[in-house]
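Note that the chains take the letters A, B, C and D in the order they are written out, and that residue 1 is the start of every chain.
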Amino acid sequence: MKRIEDFKSIIDRYEIIFFDAFGVLKTHSGLVPGIERTFDYLQSQKKEYYIVTNDASRSPGQLAQSYHDKGLYAVTADRIISSGMLTKEYLDLKVNDGIVAYLGTEDSAHYLESAGLHTLPVRDINNTNIDKVNVLVFMDDEGFDWCQDLNKTVNLLRKRTIPAIVANTDYAYPVSKNDVGIAIGGIAGMVEAIVGKQFIRFGKPDSQMFMFAYDLIRDYRQISKKQIVMVGDTLQTDIIGGNKFGLDTVLVLTGNTQPADAENRISATGIVPTYICNSAVLGPDVLAF
Amino acid sequence: MKRIEDFKSIIDRYEIIFFDAFGVLKTHSGLVPGIERTFDYLQSQKKEYYIVTNDASRSPGQLAQSYHDKGLYAVTADRIISSGMLTKEYLDLKVNDGIVAYLGTEDSAHYLESAGLHTLPVRDINNTNIDKVNVLVFMDDEGFDWCQDLNKTVNLLRKRTIPAIVANTDYAYPVSKNDVGIAIGGIAGMVEAIVGKQFIRFGKPDSQMFMFAYDLIRDYRQISKKQIVMVGDTLQTDIIGGNKFGLDTVLVLTGNTQPADAENRISATGIVPTYICNSAVLGPDVLAF
Amino acid sequence: MKRIEDFKSIIDRYEIIFFDAFGVLKTHSGLVPGIERTFDYLQSQKKEYYIVTNDASRSPGQLAQSYHDKGLYAVTADRIISSGMLTKEYLDLKVNDGIVAYLGTEDSAHYLESAGLHTLPVRDINNTNIDKVNVLVFMDDEGFDWCQDLNKTVNLLRKRTIPAIVANTDYAYPVSKNDVGIAIGGIAGMVEAIVGKQFIRFGKPDSQMFMFAYDLIRDYRQISKKQIVMVGDTLQTDIIGGNKFGLDTVLVLTGNTQPADAENRISATGIVPTYICNSAVLGPDVLAF
Amino acid sequence: MKRIEDFKSIIDRYEIIFFDAFGVLKTHSGLVPGIERTFDYLQSQKKEYYIVTNDASRSPGQLAQSYHDKGLYAVTADRIISSGMLTKEYLDLKVNDGIVAYLGTEDSAHYLESAGLHTLPVRDINNTNIDKVNVLVFMDDEGFDWCQDLNKTVNLLRKRTIPAIVANTDYAYPVSKNDVGIAIGGIAGMVEAIVGKQFIRFGKPDSQMFMFAYDLIRDYRQISKKQIVMVGDTLQTDIIGGNKFGLDTVLVLTGNTQPADAENRISATGIVPTYICNSAVLGPDVLAF
């Protein structure tokens, strides 16, 4: 049986902390109680942190605002690495002209708009513009009519040989204590199976998420992977992704992995975190050092 | 290169012919021209035939009516074997009480109703009746709100340990010359991936479809599998399913498999029909024997 | 929590009992102690029984002998339904001439030999006979050189468009208290992924296994599926296969499913047996009725 | 139909060229004729190049030597990025002590040995050392007894909760004009399916391969992804991997993708290269600039 370790003693050993968002910093009912103390401590120790999150529903600025609205001011836009940012980088590098068709909210689309690129919801594709569509992006599970627009998406991909980008690999996300919602990654998986083509997926566990954060840091300082630790609640995304990228990893038990199951699931999946902690919250006495 | 053979010379060698429906007897624009001659010939020769079809949207009677409406009177309800009939047999044998929750039209649900079983569309599940739901059936892609009811379905299957039945395994079906629609089998695949449970799927290529027809025949006459040939347009359902059940098989080129692709697809999939024919239609001189 | 029920009270309700072999009648260390009492009781009650087993390593006669060698004489060849028998039926119905190439022991191949069919181990395929090979059968994990013959198999299937038959779908089987062996079904899965073709697989959970037994019974008596119960230790093969075929099912806890895990695994997989029993053994007082 | 473009005009537009090895620089029968002219030109233009290859069978030095032996001296060890190098980085970062068990040749293992790490072929694992095994690496398809050592590997992973690393994701590789060999990636896929655990896989199409090369370059110069082009013969590894990382891509027709199939396969897979060229060889007049 792996020992439950003290979160403070772990972060003391690293220079930079990567956090998953949902299940680590917040849950369906708001912030994880006491999580602001963790960020106070990190700032007092001049340690850096990034939120590495599968989310393409909004811009980093809007994501940061949602933390501020809850009272956590330490999470600023420049500290957020989202799968939406990788999607935006892909479009900037690889799509030079034409229309970016998308499934998602207007918010999610506006964030993508780059010089020369025009976004168009799938519902507005028709015979006059279909030949200008040069890429399709699955952004968010909201903002479209599932029946009508998913059927349209299947037929778009049968007619046009264009890349299909999935801006969030998750299959589901929690919406309340007991319920989940189907995420755009799950919907995209259905379309992929039907059209038989291979989509490009951005988001943990894929290393490109971690690499994006790592690159950002190296633009202003020297760092080794040994100085970074990834903190997450999900073995199949946060932990295996961090492990593969070469980072040490902390599994916390405030989200997808329940304390009673942790050991069984590690053993069943073969995904082994470097450490297990009850949560990413520091004890009340931590700041009294 | 496999030789294209004459359909009449093939059916002359068998006692009973199984036909797939879509792509063999009919297409998006109506009956395959001349197909009624095939049935005239079969009747004149006292050969029997069955339509073996992945369809749970309607009862056999309603399916037969749709052929009559197009002018093909030889397809009667007692000649149809549908995946919906297997679903009904499953409920009759395995579900003794409680509610059958379903995704599909009212038509598809009424067909299922058996002594003591009450059907309920997923949209009407609530806290007062969820504990009485003893099985969930994916019947048809129409008749429900995809976004709202699929999210509800995911959460139903997370809360209740009940069997989930997919009454049609197809992922898509043709709706016009160029377009397809997402079928309930594709939708069920997404839900299965999200909830991580194992569903029961009825429909070709699964042998149980062929067995159901075979059993029906043996109730009134002796027959060997050697005397039956399966005619279909799709390698991955009709042909591999028929082969596995031990039947000889005919691939026709009026549906999913194009004449130019047939050889390549046989070689790529390793699914080998006994014969290839242009269509299931007999030449104009056939009845002049 | 599902109630653990008394095995005797269950079999009293049915006319015919189907048993899985490994984990139900025997384990790596021999017969399940007391299992002969179950068969004594069945015989005293004039109930029928069949062993429905994923095994193609030997003929039914050889399989029966292995029970006699352990002291269980009630399991005779005519009571055994194996995936090897389905493979033999396939060859009899579908392969009329040429060579049956195989991976497995000589014993497993001899069983397959039918009028006009010549078997050949993959190792003996060469330029002079490769064009006569009309089917490839994965029979058993023993009897061939894995490295040399599996590479040969991959290239055979790339060169010849022939059906590939997997005579046992299992991925692994127990060889001692703690160890498993890789089964031919697992090996075949690797070859299938490499060549990208679709193989024909015989064995539970596929319904064709149950249908084969059901057909055999109906040759000499009338029976309804309601009068048969399937007893097995594995949710993913015995239980879901029996359920789908329309049989009631008993999960026993002497094999793959541990007592402590049963409830969790039923809930995680959504595969629900009709009953759960500790074992297929009757209490010592049973025969004292 | 996509236009076939001139390879020289393409490389003139980029600063750095990434090449796949097999099917681009060499085939089963040796170097692609004339490929050395491409490297002469690159050197004359002061352009940089890297070979990005799924290969863990040998060290970069040994891989380079194999090019020198064929007469291509431009491929030096410092120009090679192999999936074996990613495996070595993983071990350096993540495994601090204990034994690295491996499947592969001694050559492949020696390359991995890092300070403090001891390698051990799977065949030599026994009760006295199994508890010290902290990682398992699938290196190469040679150097071990498939039957004995793969069975041992399955049982090792059932007993010990340790990461399993696949140092080459490929399922097969060409061994002659018509034949392929099963690669260690295919073998690892079988073991993964049997033990039901999640392995860590290094190699294209995974972005970490491209990132490793990209990082290496940025250690000594500034570069943008827009200045790099990836040249490969395989849509499913080279092209989709390069695309996803944000690079422009060239599909060449000297390997896995045949000229007659290219358009069909792009359309069937939805994987779209930026350019298509007949080969990576420059015309004979190129150096006469």
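Things worth noting here:
Everything that follows uses one rule, which is that contacts are C-beta pairs under 8 Å (C-beta built on N, C-alpha and C of every residue); 3 or more make two chains touch, one makes a residue touch a chain.
Nothing here was measured: the structure is a model prediction, and the numbers come from that model.
Both copies, chain B and chain C, contribute mostly matching positions to the interface they share, with over half of the numbers common to the two.
Repeating the A-D interface, with the same residue numbers in over half of the contact pairs, is the pair B-C out of C-D, A-B or B-C.
Chain centres here are Cα means. That of chain B falls 28 Å from that of chain C. Note: centroid distance chain C to chain D, computed from Cα atoms, is 41 Å. Shown for chain C are the residues in touch with two or more other chains, of which there are none. If you draw each protein chain as a dot and join the dots that touch, you get one closed loop, with every dot joined to exactly two others. Those chain pairs judged to touch are A-B, A-D, B-C, C-D.
Per the touch definition, chain D reaches chain C in the complex via residues 141, 145-147, 150-151, 154-155, 158-159, 171-172, 178-182, 186-187, 189-190, 193-194.
Across the complex, chain D meets chain A through its residues 89-90, 93-94, 157, 161-164, 195-200, 206-208, 211, 218, 225-226, 236, 240, 243-248, 266-272.
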